[in-house]
Amino acid sequence: MTIRTDALPTQEMTINMGPQHPSTHGVLRVILTTDGEVVTRAVPDMGYLHRGLEKIGERVTYAQYMPFTDRLDYLAAMNCNCAWAWTVEKLAKIEVPARAEYLRVIVCELNRISSHLIAFGSYTADMGAFTPFLYAIRERERVNDLFEMLCGNRLTYNYARVGGVSGDAPPGFLEKTKEFLDYFEPKLDEYNNLISYNKIFVHRLANVAVISAEEAVAYGLTGPNLRGSGVPFDLRKDEPYSVYPKFDFKVCVGTGERGTLGDCFDRYMVRINEMRESVKIVRQAVAQIPDGPVRAKVPRLFKPPVGEAYFRSECPRGETGIYLISDGTVNPLRLKIRTGSFVTMNIFEKVTRGLMIADVVAVIGSFDIILPEIDR
Amino acid sequence: MGLKAYLNDIVEAVVTTAKGMRITARYGVDPKEEVTLQYPEERWEIPKGYRGFLHNDIKTCTACNMCVKVCPIDCISLESVRGADKKMVLCSYDINIGRCMYCGLCVEVCPVNSLLHTSGYEMASVARGELILHFIAAEDAPGIKARVARQVAEAAVKAAAQAAAKAAEVPSSGTAEAAKVAEAAKAEAAKAAPKPEAQAAEAPAAAKAAEVPSSGTAEAAKAPVVEPTVAKEGEKKE
Amino acid sequence: METLAISLVNAVPLLAGVPLWTVTLLLMVAVAAVILVFALTFEGVGSLVLRKVAGDIQARIGPNRVGPNGMLQFLADGVKLVLKEDIIPANADRLLFKLAPYFVFVGSFAAFVVVPFGVGLIAADLNIGIYYVMAVTSLVVIGVLLAGWASNNKWALLGGMRAAAQIVSYEIPVGMALIPAVLIAGSLSLQDIVRSQGGLLGIFGWNLFHNPFTFFSFFLYFTAAQAETNQTPFDLPEAESELVSGYNVEYSGIRFGLFFLAEFGDMFIVAALLTACFLGGWNVPFFNAGTLPWIWGNLLSLGVFLTKTFTMVLVMMWVRWTLPRLRVDQLMRMSWKYLVPLTFVNLLGVSLWLLVFRGKGIPGMIASLFG
Amino acid sequence: MEAQVLFDTLKGKFGDAVVELQGEGCSPAFVVVAPASVQEIARFLRDDPALSFDSLMCLSGVDYKEKFAVAYHLHSMKHRHAIGLKVMLPRENPSLPTVDDVWPAANFHEREAFDLFGIVFEGSKDLRRILLPEDWEGHPLRKDYKYPDFYHGIKV
């Protein structure tokens, strides 16, 4: 799409997109300056969901902060739970029982599946096909059922604990997990047939908002958005934590199969393929899980030593890095949460220049942002 | 764009559309694929360990205050007085379930397992005040306080009397120790006594207002308890 | 209509003193009322069916609370729409804002006039039937554009502009794709077109099977008509996930209801034209309904026509719930680079065919081979 | 790359601008540098082929009660090593040069630090409040922040 600048003089129009808009994935507000349908500038305006999670962290104890991490990214609460637990454990050098680590990996990967399902589903809904969204929700409900069985809640799990997890898997959980994986794996091919390779869908996504590998690194993109640009960087592989080194899986990267490397379609396809890899990881974890305790002894009045730790883990929306400073009291001195969505929004203004309004929706969907993570 | 690519485009569009339509048609005609749960009539099986509304069994609760301390958002409030046997006696226990986020930390720390999650999850209310669960009715608190105070006073008097008797029993020994014990007991009784009296002076009025029978022992059993099946209330209100 | 009026005056002695034009007028109003009731019923039922189909396809149930199995949902929806507060935005152009829904509704409703429901069931068998439909449905553009502009909402304006661009560009492939049927029948009247597909060939007498080019015309028209009625994948003027709700975003209550009804009306018109021009219309296969007594003949042909039309409506819904949406520039490209050239090639093909084979179709030729 | 080696390299290159190595209890270790030269050092860290810290993982403002600090967490995609960079700032009028032309990723983080701590990043291309409304008073993550009772007449 080229814009003729020598055409008749026209006036630019400022449009307010959001905070109530069906496809801004929450309360994101974008101030669009458009020339007809072509966006000349799109400035994101965030903060509508700012709850001061970092400030809250300074007045609650390390254990009490766990439920708040659920609210960090409600579609991948398990990953945030575990990220917090791993950070505190890194700071206080706590050894976690092997079974707990396996359980954490299982729930993290299941949550990654359910989060990517929402990403896939809401993306297709943004593109105008509502049906795949409901199929995705259907599958996600099954994951929620599993989590409900495990920890008693369907959305805000609060499952991980400093030093382990809140409870062992109930009998039948691992079997049901396997059942789900068997059910879920063929569905991915169905999605690909239904929508991924649909001509219209491909045309909407391919060659839109291309981000080169250098740009992606410079702007600090992480997770599927970085891998969509062809950078094979996955914290689970490259900075292994927990028991991830024990599993065999592939790092999915964009290939530019239907357009340019680093376009919306690549980012979308990375997520679809990652679900397959997550299935693989969960299968291995379920097969290998050892017996034993699920919680290390952590004093009730837990005081980590004075120190600072930065821990990053691979969440569905990119790297969630927690920078934690302890002054030796029961409360953290400062914690900063660096989330994938927040950093991704930095590049938004750059990539949306010159796209059409419908493409802005495609870009938001392909970044798979979630507002609580941006606003915290 | 060559003619071949042009025609290819058309063919691809038709083929992929047909593929998609085959899948949607399959779901469309297969009634087994419907996954909707007709909620008020059908319900899913609630697993063990479901984190629903909180319920505190105040008969087992030791008023240890752990749940209040661990709650990240301060939705539990508890008031207790020290009873005659040095144990804490609850006089109010409120949970604001409008604020509660069902994280389960309080249940985890409860040493006597009196605080538990129920499987209730339905509650509709028009006023926020209704969302505060009172496990001990607010009007019973003064009565309980008065009763405990009376018991403490009685116990103190008894202890003093016993100590005095003990002291009297062993006058012949005449050791300084026994005298000391007696002295201490008296002092304790004296310390304990005035306070309950002062409270007792206030208590009758409050007790009358609340029409709590001062029969003492019967009270504990009578103390109203919020039923665990809060869900029922919600249904009734609907 | 006038002939009907004359026969009515002759038949009923009571009307002898009444001037003929009064009777004609009254008759017209009566017919219009019947069609309106039919259109409204179809639109209501259509919305219910749409939701049911959506439910089935999306692995859920769909509306099932109002009435037995949710059958009365559309009544509830209608009552809700009528009773809802009618909000006009403070800075809207009030007159145009109020006018716009009527334009849209009239545009879609007026097309019902020439729909050949049965052997004799047609409100007005205009000799320019197809052109009339195309002209009248274009009125929708004006309504949509007015709605978008008068709402004083930028999203609505974008929706209106998209609708105008879209409907105007797709008018050409729609017209071009219908011309083969006109060529074969040698008339623009829809009744004539339907009659031309009757005869002893049964379903092979349909224009769909007349020759390869008409076969393609059917699909070309289907695609272009989807776009003209703003159905997914061409629902850009509404584009829920982009423009929130497009041109009707500021409308509520019955005004919104009119847009909503018009949408289903358009859907019916497209399906009816598909049926009439390509699927043999009300022709009962291997049977001439005209030979039956008036009432039975008409009922039978009406049944056949509605069955075919509803099937087409279902297919449209099926497509709607499968495909994603195109982008604006892709929509334009699809019209001007794909549909317009293809329909022209097609038209050329049909004309040549008719010239070479003297108006005979493939099934007709095969039939004449066997005597 | 060892933090000590990196510290020595930086010390040799920038002298007094590099203050100390904060390794105790910190992971990753921090190199504390003077505020004025942070941009220069950042550019060196990014461009030096042996270091090539091309990715800024995180940039956080910190309130150490007596002082403010800005912590940079850097990572190299090429060499897969990480280091922290820290700048200590006075409580009054904390300001330092921006690094958003070194790592574009810094922009949002800097805006956040400006928003929640009031740390000014000089030369930033776009330094506005990011999470709080434009007219919010105070910087909430400061330890001495007073919670307001009302915002535009709405009870907070």
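In this document, chain identifiers A, B, C and D correspond to the written order of the chains, with residue numbering beginning at 1 in each.
One rule holds in what follows: a residue touches a chain if its C-beta (ideal position, glycine included) is under 8 Å from a C-beta of that chain, and two chains touch if they have at least 3 such contacts.
These numbers were taken from a predicted model, which means no experiment stands behind them.
Graph distance from subunit C to subunit D, where chains that touch are one step apart, equals 2.
Nearest to the global CA centroid, when each chain is reduced to the mean of its CA atoms, is chain A.
Note: centroid distance subunit A to subunit D, computed from Cα atoms, is 25 Å.
The geometric centre of subunit B is 45 Å away from that of subunit D, both derived from CA atoms. Here the spacing of subunit A and subunit B, counted between their Cα centres, is 36 Å. Shown for subunit A are the residues that touch two or more other chains, namely 131, 138, 194-195, 198, 200.
Listed for subunit D are no residues, as none touches two or more other chains. Residue positions 9, 17, 20, 23-24, 35 of subunit B are each in touch with at least two other chains. Pairs of chains meeting the touch criterion: A-B, A-C, A-D, B-C. Interface of subunit B with subunit C (complex): residues 9-10, 17, 20-21, 23-25, 27-29, 33-36, 38.
Subunit A makes touch with subunit C in their complex at residues 1, 13, 15, 21-23, 36-37, 124-131, 134-135, 138, 194-195, 198, 200-201, 203-204, 356-359, 361. Note for the complex: subunit A touches subunit D at residues 46-47, 50, 52, 54-55, 90, 217-220, 231, 233, 238-239, 305-310, 312, 319, 321, 323, 325, 333-334, 336, 338, 342-343, 345-347, 375-376. Partner subunit A is touched in their complex by these residues of subunit D: 24-28, 30, 54-58, 60-64, 71, 73, 77, 80, 84, 103-105, 107-109, 116, 129-133, 140-141. Residue ranges of subunit B in contact with subunit A, taken from their complex: 9, 12-13, 16-17, 19-20, 23-24, 35, 44, 47-51, 70-72, 101-105, 108-109, 117.
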